[in-house]
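Data block below; observations after.
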Amino acid sequence: MMTRKTGIAGALSALALTASLATPAAAEDDTFKIGVITFLSGQAAESFGVPAWNGGKLLVDMLNEGGKLPAPYDTVGFGGMKIEVVVVDEAGGATKQVQEFRNLVQREEVDAVVGYVSSGDCLAIPPVADELKAFTILYDCGTPRVFEDNSFEYVFRTAAHATMDNVSLARYLKSRDFDVPSFAGLNQDYAWGQDSWADFKGAMSQLYPDAEEKTALFPKFGAGQYGTEISALLREKPALVHSSNWGGDLQGFLIQATARGLHKRSQLVLAAGDHVIPQLQDKMPDGIFLGARGVNGLAANARGGELKELTDTMWTAYEAEYDTFPVQAPFRMWQAIFGLKTAVEKAMADNGGTKPTDEQLAAAMSGLAWDAPSGRIEMALAGGHQAIQPNAIGTTKWNTETGKMELVDVEYYNARCVNPPEGMKSAEWLAQGFPGAQCD
Amino acid sequence: MDLVATILVDGLIYAGWLFIVSVGLTLVFGVLNILNIAHGSLYAIGAYASASLVGAYFAAGGDAFPYGSYIAMILAAVLVAVVLGPLLERGLLRYFYGRNEVLNVLVTYAVFLILEDVMKLIWGVNPYFVYEPYTLLGTVEMGSLFYVGYDFAVIAAAIIVGLAVWLTLNRTQIGKVVLAVIHDAEISQTMGVNVKRIYLGAFMAGAFLAALGGALTAPMISVTPGLGVNVIIVAFAVVIIGGLGSVPGAAIGALMVGISRAASVHLLPEAELFIIYFVMAIVLVFRPEGLFAKTQARKI
Amino acid sequence: MSSGVLEVRDVQKTFGAVTAAKDISVSVPQGSIYSLIGTNGAGKTTFVNMVTGYIKPDAGIINFGGRNIAGLPPRQITRLGIHRSFQIAQLCNELTVEENMLVAGAIHGQTRPSFLRRSDDAQARERAMATLERFDIAEHRNRLIPELSGGVKKLLDIAMAMAGETQIMLLDEPTSGVAADEKFPIMDLVINALRNEGVTVIFVEHDMDIVNRYSERVLAFYDGQIIADDTPDVVLSDTEVQRYVTGAPA
Amino acid sequence: MMRFSVFTYAAVGFVVLAAGAIVLPDWAMFLFAMALAKGLVCLGIVGMMRGGVVSFGQGLYYCLGAYTATLAANFLGVSDIFLLTLLSAAVCLVVGLVFGPLLSSYRGIFFAMLSLALSMVLYGSLSKMSFIGGTDGLNIGAPTFLGWAPEGRPLQTALYLYVVTIVVISGALMRVYFDSEQGLITLATRDNELRVEYLGASVRNVMAYNYVFGALLGGIGGTIAVLALGHVDPEFAFWTTSGEFVFVAILAGYLSVPAVFVAAIILELVRSFSNLYFPNTWQLALGIFLLIVIVALPGGLGSLVSRRKGQDT
């Protein structure tokens, strides 16, 4: 009996030992180590995680080489430091991510963490980041709750939150004075879908107070089969069908909906629909209104302006590397890395050129503004921790000559037109009819 | 088209799909007494295989005879069954016969995890599309609604599959042998039945049906990673409701789930997410072994 | 009606088309030893199963200790003092002989089974060993069930049933699956042990020598009915019994 | 043979585990704390395994406990760790007492599937409740210990020692229960229900007891897990979560209590490292590890160190 217990005890201490030994050394002072967390498996891998990191890898290589990009991004790495990366799969839920975050910070001793597509992870990580005083950038996730319910010292989100997407859709309808007697929704049955629908409803009730709200469908995430939902939508004949679906769920819905002529009966508006264009190509029907959660993908390509050189450099590099054009995800990864570069170099300028601490990074990052292919990013909300950025909505049109999908009738929205002002929750902002919005 | 009719048609279409993906599961459990979580992976692999094969078919100028793509789809399912069936059954599962059935659930869960990544290694993360078979049969107008002809083809396929399985089991020699094995493998063994071959055959049939489900679904979706996980629990619910190992049970279970889901989408969209588990829980409370389960008294 | 008397009146049981019990009526006095004979399917085991609650009679009364126990669950009937053994010994194969006995002891202990008291504390083991010795299987105490001979399994099966306050013991074919040369020693052991405690015994048996030697009274079953209820010599010489049950003159 | 009291073992276990607070680096201490918390849930499953059933729905109580603690903290302002633990334990006890009798008449795959269905219904309901975060879940602040509110490493250490204490206490209690008369009857039930019924014990009660204990341990485990994580979401009740608990229980086997926690720690380490070293194929690695364990240790880790020869579950 005794031996049995000591056997277990031995096993335990052995485990403890392996655990304590397996701690690699911290990054050198001439390299800057980032932990990148994004989806490498599961549904979000093909639509967000993998393209985002494809773009990220590309940019990190270009930066480490140096001189590949127009000023101010023509310097090597981050302030001369080479960029080193550890990638972790975001699949597996918030519990796993909190553990992985601790491992990255405490075991891998990364200098900064850049990651998180899932809103659940974005809510779970910040408290831990502050507890560990670890500089962290949320690069993709949409939920406004992150900074509206709490405030964090070491956590920043370099992309605008999801309210922008649906406000822009409503504004687009208005500015094209599209008649909306009634509208319905089909969104994935989890927070992203539920919140998007709520935001869209909120925006519509301001801009189209008389529009009748019809059925709001919430098929299970990853359902694949939308036959029943489509029947419901066909029966109700809403003038407009809103969907924030993404990835396989959006592709499946579009394939099945177009086969049954839903797009002929109702105008489809997609909050984040651009990223399925490369896969669907001409199977994506013409005349769909869609956004890209920012001036990303085709909208950025079509924009021109003073950011044209930067955008085209990244665009062509990406197309050359992966022979498909970059959709929204890489753009958000890029704006995160450009932001981090700007922050690091600002901090080094202040501290005399040494590798910045997490505190110095946080100080440099808050309230920062920088240029990215997706436009000017401003950390304008939540005390300089939450970015706002311009947005664009367009209409799909297949170009038979070039055999490419184009975005026509694109409308660009000033960041302050589609994002709530500092100190106001997006829900209130919608309810009060966008006070302080600057559109022109 | 009035609501009830719509609900019935939608429910029927979904039930047809459900039946195809779950009948294989119930068959495998009936014979091997293994509740196969990897069924979901086989479904996903079937979808990938059919997407690739149909893609290749059209690339090879199949437009001349597009209906050939249906043959390609079935071929894909056969391929999956022939390759993976023996590999999994002979290579792994046979070592767990007679072991605790919950342990076996874990074994297949491990297989599921492995196959998830294997699929990624083979097909990558980018989606595969093959719409041609989906749009090939045109649309059917019912009242104010349009349905895709393909949806009804799936119902037909489900009926054919159901009849085929039921007839094979109840009207053929091999079927009688299988039923004997289901009833008592040991006795059948002593009576000279090659139980090994029956097990292999049953598992391959199950794998084929799972893959067929995927193959038939592929044209209406984009085939992406994580496809399998969503199917498993639904299929589980169906076979548990119908009674493990019962083919008619799977049919009834599929109909119950299909129609209650359709009803909830049309009448109470909020409930859709867990209507399936709700039905399952209710059924189990009143029929602990499922609707069509055979309970055998114990000799003392 | 004094306790210990088992009074069965007009009990009926049919399984679909098969009649397993038709107007079964019998009264078993305290301390007597009955045997049940009959061909397979004659209704012997059905009788045992109905008395011990495995099967619920369609109709009729089973009186014991002044109350009708027909249809009660086995658990409660056992608690009333009616215990049984099984054709196939019902033991816990993952446990040792002693542990099997301890299980019986734990359930039959004076107090309710405890969540704290060790199942193998000295007192409990003492009690278990005592019973094992009474049935002469103590030397097997540390062996697992599958290693045991048919005879030992039977004895343990009976010993476990005897761990509690037993008033009536029904033995379902106590010698089936027992080597020929073990049959009589085992019956001696069991019947003596039970008789010493004044337990009423009802046993199902195919071997007429055993019936003859151990039972005070015999119930002959045929087609779900009792066709004879008398002392062994009378029953075994009954021509009807010979035709339908024993098959040959005794 | 000579017996040491269970308390001796408890003391040894406590010393060994508590040593972790000194030798372990931060990340590992957190990993161990999570593993031990999950181990508690698995201990509940092991208790049921001794009765012959395995619950595929312990996520129900893991999640229920976690949400109870979180809601109590966020809406009632309770932050004391002891109070929170008691609260969730109480809630899970009540729910366990409701479902226990219902489930006690199910066996094998049906018990597994019905318990799974129940936890999936909770998952579905929580996913719908956007007012408590829906699928995104909720955050919970750091707990206080009888008024003491540590931060950083002290907080982690305090949490770790707390879970260690709970683990040792519940481990010891379960051991006492396993070795008790009732515990032996449970083993007999797993083996031969008919015999147990004919000895005059109620098999359904046996099952119900184990289920309720499982519910309690699940709730406590969930509470500690959420306090360590700082975040809860419906995933806690998802079937894959429950599946992991079952795996740990199988890996441990039903013979040794400490084995349960060793198994839980091993799984967390394997997962964490495979996830870092094979970011693209960690599921593959985990699956292979699972198979190896099942094939190599049919009786679980416990069978390596326990006298009775192991069984499947």
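Annotations for the structure displayed:
Every chain is named by a letter (A, B, C and D) in the order it is written, and numbering of its residues begins at 1.
One rule holds in what follows: a residue touches a chain if its C-beta (ideal position, glycine included) is under 8 Å from a C-beta of that chain, and two chains touch if they have at least 3 such contacts.
Since the model is a prediction, treat every value here as computed from it, not as a measurement.
Between the interfaces A-B and C-D, more contacting C-beta pairs are found at A-B. Seen from the C-alpha centroid of chain C, the farthest chain centroid is that of A. A comparison of C-alpha centroids places D closest to the centre of the full protein.
Taking each chain's centre as the mean of its C-alpha atoms, chain A lies 75 Å from chain C.
Centre to centre, using the average C-alpha position, chain A and chain B are separated by 36 Å. Centre-to-centre spacing of chain B and chain C amounts to 50 Å, using the average Cα coordinate of each chain.
Centre to centre, using the average C-alpha position, chain C and chain D are separated by 44 Å.
Touching of two or more other chains is recorded for residues 90 of chain C. For chain B, residues touching at least two other chains, in rising order: 116-117, 120, 270, 273, 300.
In chain A, the positions touching at least two other chains are 40-41, 189.
For chain C in complex with chain D, the residues that touch the partner chain are 52, 73-75, 78-79, 83-84, 90-95, 99-100, 102-104, 106-109, 113-120, 124, 160-161, 163-164. Residues 40-43, 45-46, 50, 189, 215-220, 222-225, 227-229, 231-232, 234-235, 237, 247-248, 251-252, 255-256, 259-261, 276, 279-280, 283 of chain A are the ones touching chain B in the complex. By the touch criterion given at the top, residues 1-4, 9, 12-13, 16-17, 19-20, 23-28, 30-32, 34, 127-128, 130, 133-139, 141-142, 151-152, 155, 225, 229-231, 233, 235-236, 238, 241, 256, 258-259, 261-262, 265-266, 268-269, 271-273, 275-276, 279-280, 282-283, 304-307 of chain D touch chain A in their complex. Chain D contributes residues 176-177, 179-185, 187-188, 190-192, 194-202, 308, 311 to its touches with chain C in the complex. Across the interface of their complex, chain D is touched by residues 35, 92, 95, 99-103, 105-107, 109-114, 116-118, 120-121, 233, 236-237, 240, 244, 270, 273-274, 277-278, 280-281, 284-285, 288-290, 298, 300 of chain B.
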